[in-house]
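Have a look at these structures, which come just after this line.
Below are two complexes that have subunit A in common, paired first with subunit B and then with subunit C.
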Partner chain A sequence: MNSETLEKIKEECRKLPDDVSYIVGFVKKQGEPREVLKVLKPDEIDRLSYSPLSFNNPARIVMDLMKTDGKIAVIAKGCDARALKQLEKEEKIERNRLYIIGISCPGVIDYRKFRNAVKFRLPEIESVELVGDEVIVKANGEEQRIPFSEVIFENCLYCEQPTPKDYDVLIGEPREGKLDFSDIEEFEKLDREERWSYWMDVFSKCIRCHACRQVCPLCYCEECLVDPSNLAVSPMTPAEEKAAYPRVLGKTVSASDNMVYHLIRVLHHAGRCAGCGECERACPMELPLLKLERKLKKVVYEVFNYSPDEEIPFLSKLDILPEG
Partner chain B sequence: MEFDPKIITFACNWCSYAGADLAGTSRLKYPDNVKIIRVMCSGMVNPGWVLRAFRQGADGVVIAGCHPGDCHYTVGNYYAKKRYILLKELLKFVGFDDERFKLLWASASEGKLFAEEMTAFTEKIKEMGPQEKLRRKIE
Partner chain C sequence: MKVYAGNFLKDVVAKLLDDGYRVYAPVKEKNYHVFKAVENADEVDFDYINTKKSPKDVTFPENEVLIKYGEWVEEIPAQADKTAIVGIRPCDIQGLRLMDRVFLEDITDPYYEAKRKNLLVVGYACNEAGDYCFCTSVGLSPFKSNYADIIVTDLGDKQVVEIQSEKGEVVASKFNLSDASDEDISRKKELEQKVLSSFVRSVNTENLKERMAEVFNSDYWKEVAENCVSCGTCTYLCPTCFCFDIFDDGELKGVRIRAWDSCQFPLHTLESSSHNPRREKWQRLRNRFYDKFYYMLVRKGEFYCVGCGRCIAGCPVGIDIAEVINNIPSEVKQ
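== the complex of A and B ==
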């Protein structure tokens, strides 16, 4: 299926308007079966690749490329298109300089689950294809079939828009998605102390590497609240002045301090999170960070009745407050 | 010894702080556990401050602002309410006692209401006992 998709992507890329100066797409990573994002010139179309292991979100790269001239073509799955839309709402991206090649996405593979499930050594794998409900991995003339449900990225099961809403060309048949918060509702049924001990257990593992913040396409602030070096500290800065610097976060690595960090990080994504799952994939400790994001999504959807398709950003919309 | 809670109140300069002031000048009593921090508008209260207050050992946090529609800056209290709902839901989700966090609308003329609400909230916190979940511990 994906070799077909790849052919179509290449075909569409050859038909791009003349003023497109960059293509943001996936290329094969050396020595691993997955794809990584790369900014290509229009004459490098042959390097493009695509498979269910092309899971990264190009929105941030597109945002950085907006500083250059010319149009940018981008290959976007459903979640990538949502992130692009959000950045467009926040005026970080100009839509008329963007050419979106939308891909109707069946879901991506969780690389961690994949590495455990596959029996070959990773550099030996020649191709990974999704056919029907099975992932077919080929290496050394052998092939292994893995059910897709075993290796799918968990958040893709709850994807509300697998097909981009806004695109210039679409590859593949449009897919239906639905809003599904069953996992969050399940978790909310636990009683308070159980929930607290679950999250304390999760956040006691956090090493505060800030990778989740760094990789998020929507965390683009140049000065971040959680950075210790927000304000200039020189060897000449007196201790009293340093102590008087505003500090929201503690610097310890205790579980409750880590929790405060994550609560603040997630609060900044209320009504904005695209659900691409980059934070969870980047997390070296494999924490379930999307659970918090999805809880906020549920609140935004149920309490404020706000849908992410609206043109006004959630933060500046005020007529959606509940009564009282 | 009886438990003596610490309650941090972020009161907006134009309504709630004046309301608290009125409660004082009209000699209405409310518990001295309530420590008021004056902010220019309830809309400037960063959810991080609330979390930091809990980290530093507050047993309850109140954000007090003008009634909807009365904000000195037109819409500041609507932002406050939006942030309040999001943070409260999130605190509930992670299993924190979200009753310790409260939003109060009190205008400059409602000194009585301010004193009553603060007394009731302090009583509730006293019943609940000290806040140990987010308090910074020496490890």
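== the complex of A and C ==
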């Protein structure tokens, strides 16, 4: 199924308008079955690859490329397109410089689960195909079939928009998603003490590498509240002024300081999170960061009836809410 | 060479705890292992290839209080309890050795020294290479390290115990060890052959110093960094990354803390003049590879990469140190 998708991606890339200078897509990583993101020139289409292991979100790279001239083509799954839309609403991306090759996405594979489930060594694996509800892994002339449900990235189960809402061309038949907060509802049943000890345990494991923040396409602030003395200094800034700069949070890694970091981070995503799951995938300590994002999404949905798919930004919608 | 009929590693954890040691050993979290200070030998699980984080925080914690201050400055004496690390893999023992060279050669760091002096190292030879392992490429052995006090090889029904220091001798003397038979030795050799043949990854280190000297200004580094998100994962997981920052926490009363820092963070090199010599992420990422395979090679005469593969497994965007070094262009593209 994915080799078919790949052929269609290549076909669409060959038909791209002449003013496209870059293609942001996936190429196969050397020695491993997964794909990594890559900025390609239009004459490098043959390097493109695609599989359920093309899990990264290209929106961050697209935003970087906005600094260059020319049009950008991007291969985008449902969540990727949602992130692009959000960046467009926040004027970080010019839509007219973007050509979106949308992919109707059946969900991506969780690479950690995949590595546990697969019986081959990574460099041996020749192909990973999703056929129906099975993942077929081929290596050494052998074949291993893994049920997709065993290795699917959990967040994909709750995707409300697996087909991009906004695209220039769509590959694959549109898929239905649904708004589903059953995982969060289940978690909410725990009592206050249980939830507290759950999160304290989670935050005690955080090493504050800031991968979750860095990898998030929506965490684009150049200066972040949690970095030490990050406010702009110039050669003229006197020492007393520098010393007086506020420091919200240092590099202390206690569970409570880590909690402050994560809560600040997540609150800034209210009504913005695209649900791509890059934060949780990036976390080297495998912390359940999406639980926080999804809880917030649920609140925003229930209290403000807002979904990030709407055309206007969340904060501007707050302005037009009726009083009371 | 001695043998122990049973699980020496587990029994040594119990014995050391009894003797009042603080013992760090591999513990299984949900989906991975990490080194943790344990209270009971039953918490420990030695069925692992390598831990998620390197155990460098045993001697170089992520946060460390250096002084306390209020009306007066109160220095914290650099001291440490008797500590043991049990079940550490040979690559991480090399990591410890390389850290020792940073913190104890030339200028001695008293905080590190106190912890290091009181540390007993019980190594654990590998039984198989992971998909990201490449220690053999950087001149290491997956089952030998002269730097451990004791190194243990697991043969299944028994464990081979090699005592390599006086400290190790003192601990080992409390166990009922017998001399290894010819059969034990040949079984160990067989296992080692099996381990060596299980490596699937390698780094080409031939003339690496010269190759790296040539390509410093190449556009290759920009291409490598295209995907990089400038997080600190690679450096925080690395057993030999030692950069730190010192800051004061609290205005009139507080503590001076040393905390891990990462060369991948833009603020790491931001000078107070506002000049930043490594402003771009590709400069920062390039620095990491040069640090591991060039700068430290020039300064200390050895690679500062132990081939544990943690940075590859942990990188959120799939940057692979082995791939990056292997693909260094032979001719400089400007």
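Assume the second predicted complex is superposed on the first by the 301 of 324 C-alpha atoms of A that agree within 3 Å, B and C clash if a C-alpha of one lies under 4 Å from a C-alpha of the other, contacts with A are read in each partner's own complex, and residues count from 1 in each chain.
In the analysis below, contacts are C-beta pairs under 8 Å (C-beta built on N, C-alpha and C of every residue); 3 or more make two chains touch, one makes a residue touch a chain.
The structure presented is a predicted model; accordingly, all values stated were derived computationally and were not measured.
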item	value
Partner chain(s) touched by A:E194 [first = subunit B, second = subunit C, both, neither]	first
Which of subunit B and subunit C A:L40 touches, first, second, both or neither	neither
First, second, both or neither for A:V137, with subunit B first and subunit C second	neither
Subunit B versus subunit C as contact partner of A:C13, first or second or both or neither	neither
A:T252 touches, of subunit B and subunit C: first, second, both or neither?	both
Subunit B versus subunit C as contact partner of A:V260, first or second or both or neither	first
Contacts of A:P123 with subunit B and subunit C, given as first, second, both or neither	second
First (subunit B), second (subunit C), both or neither touched by A:C206	neither
Touched subunit A residues, subunit B compared with subunit C	C
Which of subunit B and subunit C A:I146 touches, first, second, both or neither	neither
Residues of subunit A contacting subunit B in one complex and subunit C in the other	250, 252, 254
List of subunit A residues in touch with subunit C within their complex	29-32, 34, 36-39, 56, 60-61, 112, 115-116, 121-124, 205, 207-211, 213-215, 227-228, 230, 232-235, 237, 242, 250-254, 278, 281-282, 284-286
Of subunit C, residues touching subunit A in the complex	29-32, 52-53, 62-63, 131, 200-201, 226-227, 229-233, 235-237, 245, 247, 249, 257, 259-262, 265, 267, 270, 272-274, 314, 316-318, 320, 323, 327
Parts of subunit B lying in touch with subunit A, wherever the complex brings them together	46-49, 51-52, 55, 68, 75, 78-79, 81-83, 85-87, 89-91, 93-97, 133-137, 139
In the complex with subunit B, residue positions of subunit A that touch it	187-188, 192-199, 225, 247-250, 252, 254, 256-257, 259-260, 263-264, 266-267, 270, 292, 295-296, 299-300, 303-304, 315, 318, 321-322
